[in-house]
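Just so it is clear, A, B, C, D, E and F label the chains in written order, and each chain counts residues from 1 on its own.
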Amino acid sequence: MGKKEYAALALGEILLRLSTPNNERIVRGDTFQKCAGGAELNVVSGIAALGLRTGIISKVPQNDLGVFVRNHIRFCGVSDDYLVYDKSKNSRLGIYYYENGAYPRKTSVVYDRAYSAINSLTVDDISEDVYSSTRLFHTSGISLALSKELRENVVEIIKKFKENGTKISFDVNFRANLWTEEEARETIETILPYVDILFASEETSRKMFKKTGDLKDVMKSYTTEYGVEIVATTERTIISPKKHHFNSIIYNAKEDCYYQEKPYENIEVVDRIGSGDAYVSGVLYGLLQYDSCEKALQFGNVVSALKNTIPGDVLSTNLNEVTRIMEEHSGQRAASELNR
Amino acid sequence: MGKKEYAALALGEILLRLSTPNNERIVRGDTFQKCAGGAELNVVSGIAALGLRTGIISKVPQNDLGVFVRNHIRFCGVSDDYLVYDKSKNSRLGIYYYENGAYPRKTSVVYDRAYSAINSLTVDDISEDVYSSTRLFHTSGISLALSKELRENVVEIIKKFKENGTKISFDVNFRANLWTEEEARETIETILPYVDILFASEETSRKMFKKTGDLKDVMKSYTTEYGVEIVATTERTIISPKKHHFNSIIYNAKEDCYYQEKPYENIEVVDRIGSGDAYVSGVLYGLLQYDSCEKALQFGNVVSALKNTIPGDVLSTNLNEVTRIMEEHSGQRAASELNR
Amino acid sequence: MGKKEYAALALGEILLRLSTPNNERIVRGDTFQKCAGGAELNVVSGIAALGLRTGIISKVPQNDLGVFVRNHIRFCGVSDDYLVYDKSKNSRLGIYYYENGAYPRKTSVVYDRAYSAINSLTVDDISEDVYSSTRLFHTSGISLALSKELRENVVEIIKKFKENGTKISFDVNFRANLWTEEEARETIETILPYVDILFASEETSRKMFKKTGDLKDVMKSYTTEYGVEIVATTERTIISPKKHHFNSIIYNAKEDCYYQEKPYENIEVVDRIGSGDAYVSGVLYGLLQYDSCEKALQFGNVVSALKNTIPGDVLSTNLNEVTRIMEEHSGQRAASELNR
Amino acid sequence: MGKKEYAALALGEILLRLSTPNNERIVRGDTFQKCAGGAELNVVSGIAALGLRTGIISKVPQNDLGVFVRNHIRFCGVSDDYLVYDKSKNSRLGIYYYENGAYPRKTSVVYDRAYSAINSLTVDDISEDVYSSTRLFHTSGISLALSKELRENVVEIIKKFKENGTKISFDVNFRANLWTEEEARETIETILPYVDILFASEETSRKMFKKTGDLKDVMKSYTTEYGVEIVATTERTIISPKKHHFNSIIYNAKEDCYYQEKPYENIEVVDRIGSGDAYVSGVLYGLLQYDSCEKALQFGNVVSALKNTIPGDVLSTNLNEVTRIMEEHSGQRAASELNR
Amino acid sequence: MGKKEYAALALGEILLRLSTPNNERIVRGDTFQKCAGGAELNVVSGIAALGLRTGIISKVPQNDLGVFVRNHIRFCGVSDDYLVYDKSKNSRLGIYYYENGAYPRKTSVVYDRAYSAINSLTVDDISEDVYSSTRLFHTSGISLALSKELRENVVEIIKKFKENGTKISFDVNFRANLWTEEEARETIETILPYVDILFASEETSRKMFKKTGDLKDVMKSYTTEYGVEIVATTERTIISPKKHHFNSIIYNAKEDCYYQEKPYENIEVVDRIGSGDAYVSGVLYGLLQYDSCEKALQFGNVVSALKNTIPGDVLSTNLNEVTRIMEEHSGQRAASELNR
Amino acid sequence: MGKKEYAALALGEILLRLSTPNNERIVRGDTFQKCAGGAELNVVSGIAALGLRTGIISKVPQNDLGVFVRNHIRFCGVSDDYLVYDKSKNSRLGIYYYENGAYPRKTSVVYDRAYSAINSLTVDDISEDVYSSTRLFHTSGISLALSKELRENVVEIIKKFKENGTKISFDVNFRANLWTEEEARETIETILPYVDILFASEETSRKMFKKTGDLKDVMKSYTTEYGVEIVATTERTIISPKKHHFNSIIYNAKEDCYYQEKPYENIEVVDRIGSGDAYVSGVLYGLLQYDSCEKALQFGNVVSALKNTIPGDVLSTNLNEVTRIMEEHSGQRAASELNR
């Protein structure tokens, strides 16, 4: 495998996120905070924050909202070379509305993503050179769920990356408001033979894939059944909307080895959105940069915990900060109170 | 005509409006100001601000955005009794993005209104008692332009109101991004025989309806050709995005009389959106309350001028303020600097 | 009892609330957040949020502040048909200033409510039809405390509602800065024979009414002594300004039965103001809609807990959200993390 | 006259000012901007901004609002040594609400100042040393208008300052919402014999004092009738709420001389409140620092013009900025675009 | 010792503080919150908040930033009589950038204080009368660390205050980014013979001064070795960036007595900056006002705990609030929920 | 000349800009708006907004402020490949503070740029490939003025670009607070022989370069004396801080031709900073894209006029908007009111 321009490329929808300030409700108030996000963008921007070159394949309307997204992507240090603009008259950017919870009130999300530009993305929108330009390609179940048309194109794109020797990373990311568990399982089963790195929650494995038994066996089964190399499963404990614990397990099939560390406990959650995507970005960074599941686990856990403390969808950090927290967590470094 | 519950009901789409603060651009910045608006809501909320009971017929999604709109309508003093909720899964609220101009930069609007809930509004969504509940029904060309399905329903609704002896008010409000001039003309010509009060710009009369000759003759022609009773045409002079002049002419067919007064000059424009709708509300208020074209003209001009100074789509004022400005403008009252 | 227009009407002062943002102090900073509130408005707006028709009887100045209150009431879905405007020259709206605490700093309130418009409210301000228009009338000790003039009128209004077969709900809501315990007891004792549903804290029962013994006996004594039907007492445990537990007991005299459930613990308090009023609204909703003390208890507890997480005085929620939290709390429904 | 601690002391009410942001209306929106102001505080803070030591005599409630005012006074560089705190239970700070106009909408002010703490200020609240501590004492007609009780005390205080050889400055500042022209004239005529420097508008001179003839004669008449030394009259031309011209005339009786210069034209008004008070501060600064009516005129005009461009009641500037603008205005200095 | 004008004067740098709102990152976002702070200003403003007269000796640039600092100092009730203005061309105000943490993210500070105006402060900038004007002089190790030039001047100033019989208070306040432990120890050891009241953390005593053994012995050793009268050491336990415990010990050499009380636990931290300085201000207030180490301990602990709940560098409180919390903490007063 | 990666590269300092909101003063208020800017960055970001690939050569501190600048550059679509990070301990980012004027108050700028990281930029910081990577190199007199060390390096860099056949663009941009006219002239005269495209104001030509006679002759003299190819001079008329006229002249030596068009009049100035740099970007865009001085003139004028209406340093626009305004200005297109 020669030198590739990108460490990672991802494909996925980018949404305008409109959040209420503080704990204001969507149904009231005079302002929204605006930013952009989306599961796959969150992943590649997380990897970029840690220092690797990444890009996003997506489609946005040819209007000011599309330009806002483009500017935002660049701000995150992600390449927009594969951002496609939709010139059709009614093209629109998907939106989601977000308000923060506080026990007993739930954090709440309202989607307005139907008919969005990404659904018209086709293989033909993307130049052929993309398939040989990256070491890793990532997407998630959301990209398969949005519409049948998009699903077919994404499946074809996955295959083309695979043919070019690109590692395939896939996060199941099941969303019940987009498709049924059955639709999801049928589609994803056709994808799994191409997947090298799989992110699946325990609930998904048990409910969607009907897997039973011990969690470790469940994780391992993906490697034996579909040839997946690495399987990662997160464990999030919700104490309240403002307090979580976080941990994860990674299974490496080649080594037949499970990786675990002590959890991050009592995370002070500022904005939970994107913490799962941040986990993916940390794991992929560990694999891309160190080819080590131990590093993948540590980076995955720390950046996921850290993301919960950062407003917006996107992880804003740097390698220095992440390493310091990771070392304090593992006890390699004395705890300090302030960065100064 | 017995006593009706409402002075005026209007039918039209209600949009979420997202504006950039100050002169920030849509493609940048961290916040949007949020409010609701829409040509027909603007009209009835203007009439309500002056003291008459009004309501809006519209359809919004059954989610937090729909509730935001409902709350906003109530805040404006407009009845939401005829607001219909769309429970379909992908139902959405139309949106428009707005940024303020400053010469030589134009004020700019980006629409994201395709596929919105209003398009599924049908005659069956509305209870039959509505047709006898109001003295006046108002809608605009936008409601006809949004989709073919909606157009047919709106035409039928207009006819039903007319059959019940309701005055019909119609604002042509041509929007080139929604339909062509030809489509518009064909549709509107079928409506005009039902219209009692018509709002049409000179440009629309000449370009869409191919009328020629002196403006006064152009206006009068609607009354002779279609039986319209009252025709109002505004004259807005754009000095810059922050400075306008405003005036209008009203023609009354029964009296065969044209009404005019001196223009409002050097209006300090804060937010131009909805000033045309405010004009309509002032005219309709003058007709409903005083049955006088002179009052209609004066109220139309003053509230349109005033609306330009108020942020958001909706006229926020009261009869006292409006009367004072009107009297200073007409010279009946000495000019004062401050209200205190 | 025939069909009434309103499920509930309340009488009480409405104040302008000026809050500092975040944890800023009143003595510093450049902005206040503005909203309206007041114990009785909070109650009826809470009932309205759950879906019943309610209104408020109050008096505000005939100026922009009065209009702000009117707009706010409507936004909450409460009828302003019985809002009276005070045209006297020095009429004023009562104000309170609010800043959020954080342990060891207390949440702090500064009142500026003397001489406010409500004090001039008389029986003559209210049309006679009001007394037969509602199933339930609610007020609180604050309305009795504000001034002697108002007190006499409120007592008369209570009697007139009672005569018309309206259920009377009364929240003792003792405020030491408005009157003494003795004044309060004397007045309230003359009211209690008219009260059907009584809200009294344990502290009030013991200190003001000098009741002794077990809390349950204390509660029951109101029913035996004064003929009250239902007595509700809340139990709030203040861990810190940002963390509370909440629970309550309801006693139903007819059934001679006490209702209780497990507490809401570790409530993440965003804004504590109005959570007591929200409790009243939940209880009254349960009684009005289901005629069930069990429902009253559950709705009272959940909406009180929920209110603590919502900025401002007023409960902003809907039946759907409340039911979901209630069912998760009671174990009828699996806990979820996010609403999406 | 020995060296005094203060160049100027003023007596007057200090109000909390609550303004809507941008051009938002008082009846809507979520925030108020908070500051403090009041005609006489504005005058002494203006003088302080130019470099002289000043103080304010006033009374505020003994609560957080009183402390806010104290902090604000200090921020302005004005001494709070003579600020008196009112400990009575219902003591309150006067408030005014403010919204910006834009043609044809007027700038608007709503007062809520009845029953405020200043009304309980008495001669006994002030220590005797104050009367010999300042070169100049200033107050305005507002302090006489607020209540009869206050009026009597203020008159006595004026006399005591006068007896101690202090120069007395008085701004008529007639407010029709506080008292009638007749009440005002009767009271002020008893004051005028003590006044050294008088600020009266042409309208006030003609309407309240029934003076007729040429403006210069009108001004001079105060000096011949009451022994006033200096009379200043401003001329403000309101092009629109956002554009004013400003000029003034000063008459010096000793010199029997009128001072005038060319007007400031097309002032870009950001916040008009306090520009009259700023004028007074500029004139008094010119007299106190240079004992020159020419300087007084120039300083008065420039700081009044400048105040219009500064948000809030209070002039925020420094001698350097003022001098530069003054010199450009008079042609002594070439115009520059930017300060850098 | 006769009556002095000031209870306390401090010398130290004043910085512009630029903070991100909420938990936003410095590397993103559109706004900074601006205030002023600095270890020694924080100390004297804390003492002023409790009611004693204090002042600050410092040097700021002769530009708008210098004026901002001056205004801010006055707002805090601290005298700016000894504020020196630096007129040199490149004079600058030191800055620090601040962002709030949330576990596992650290609170973070970025300094930009090199080359700031304070470094040019010399003994000659200060008038001789200062040395006899105050009962107590306070400074910290930061003032010694900023530059060699400043260090020499500060040492001389300390000596001059001491010679005039002023009590000397010194907070070691070691900052590793300004100097090394060795530099610090060498310098501070030459100062200690002049110090009456010493604030040193346990870590500093052990690491910098190489002290060993029991903490109480460590504290006492300063009194035996250098003649310090009072030594205070704080104990802060960091549960997370949003939750701290706080306690302290004070040793009084004359009495040979240690003072301690129960800790403030689970402090809800809003802004941790300045809580150490607030502790110093509370201790000094207790000593200056009551000459009591018990009061010093209680005031020190409560205002430090309280400061953590207040945004910005500076303690904003009053004696009344502090006393109430102190009494509730010590059990002298029943706990209440709200101040109203 | 083969195909280069960049259309234009510029070298210059990037500053943090801190602006007061609305017309607030630097010496007051609670917030600053933060963005980044700098004469040369403004130029290349303007060219990038119009669609060409550009980059910036600069040096920033290796801390969060440096990262903020990097993110901002990327957001503007400018390459940060040649951004150098300064790791030295006291490295700092230059800052400027900005407040908006309103007649008679001047727009005001306070600099804090001494000792900033850019001053340590050397030829060795930049990789050699840069010199052949761009069609055009731009810098301004500011880069020469900041320090002697930087000056020498910039001169060397200019020569290296020139040697590689790169077009050299230079904007004199004289800043009296950075160097004297004499220093500037001496330095710039050594540069001029390398310059192809020169931007010099009439004032600079006359005062610094002592040129006399008609403006056109003055402009031409640079081409005859130093071999400059193209000379551009802007004409800005300041009606007030909120209203400007703008025009310019371009002289092309090869064609011996002067280009002019009618001015943009009554520009509604929102933020004047960077409008000169925007002019440069428009001219360079016209030359790079069309090799036409007519286009250069038109683009220069329109984007400069447009920039005045956009907050911040940087031009935010696109080719479509610019072209539309340009065509309306030249009469090729009918004027419209709104973009929708």
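Here is the rule we use: a residue touches a chain if its C-beta (ideal position, glycine included) is under 8 Å from a C-beta of that chain, and two chains touch if they have at least 3 such contacts.
Values in this document were obtained by computation on a predicted structure and should not be read as measured data.
Shared contact partners of subunit A and subunit F are B, C, D, E. Relative to subunit C, the most remote chain by averaged C-alpha coordinates is F. Both copies, subunit C and subunit D, contribute mostly matching positions to the interface they share, with over half of the numbers common to the two.
Centroid to centroid, with C-alpha atoms defining each point, subunit B and subunit C lie 40 Å apart. Distance between subunit B and subunit E, defined via averaged C-alpha coordinates, is recorded as 62 Å. Chain centres here are Cα averages; for subunit A and subunit C they lie 45 Å apart. Residue positions 22, 25, 27-30, 67, 71, 75, 108, 110, 177 of subunit E are each in touch with at least two other chains.
Of all residues in subunit E, those touching subunit A in their complex are 22-25, 27-28, 101-111, 175, 177, 236, 238, 240-242, 272.
Against subunit E, in their complex, subunit A makes its touches with residues 22, 75, 264, 266-270, 302, 305-306, 308-311, 316, 321, 324-325, 329, 335-340.
Residues of subunit C touching subunit D in their complex: 18, 25-35, 63-65, 67-68, 71, 89-90, 92-93, 95, 97, 108, 110, 112, 114-115, 177. Per the touch definition, subunit B reaches subunit E in the complex via residues 29-30. Those residues of subunit D that touch subunit E in the complex are listed here as 67, 71-72, 74-75, 77, 318.
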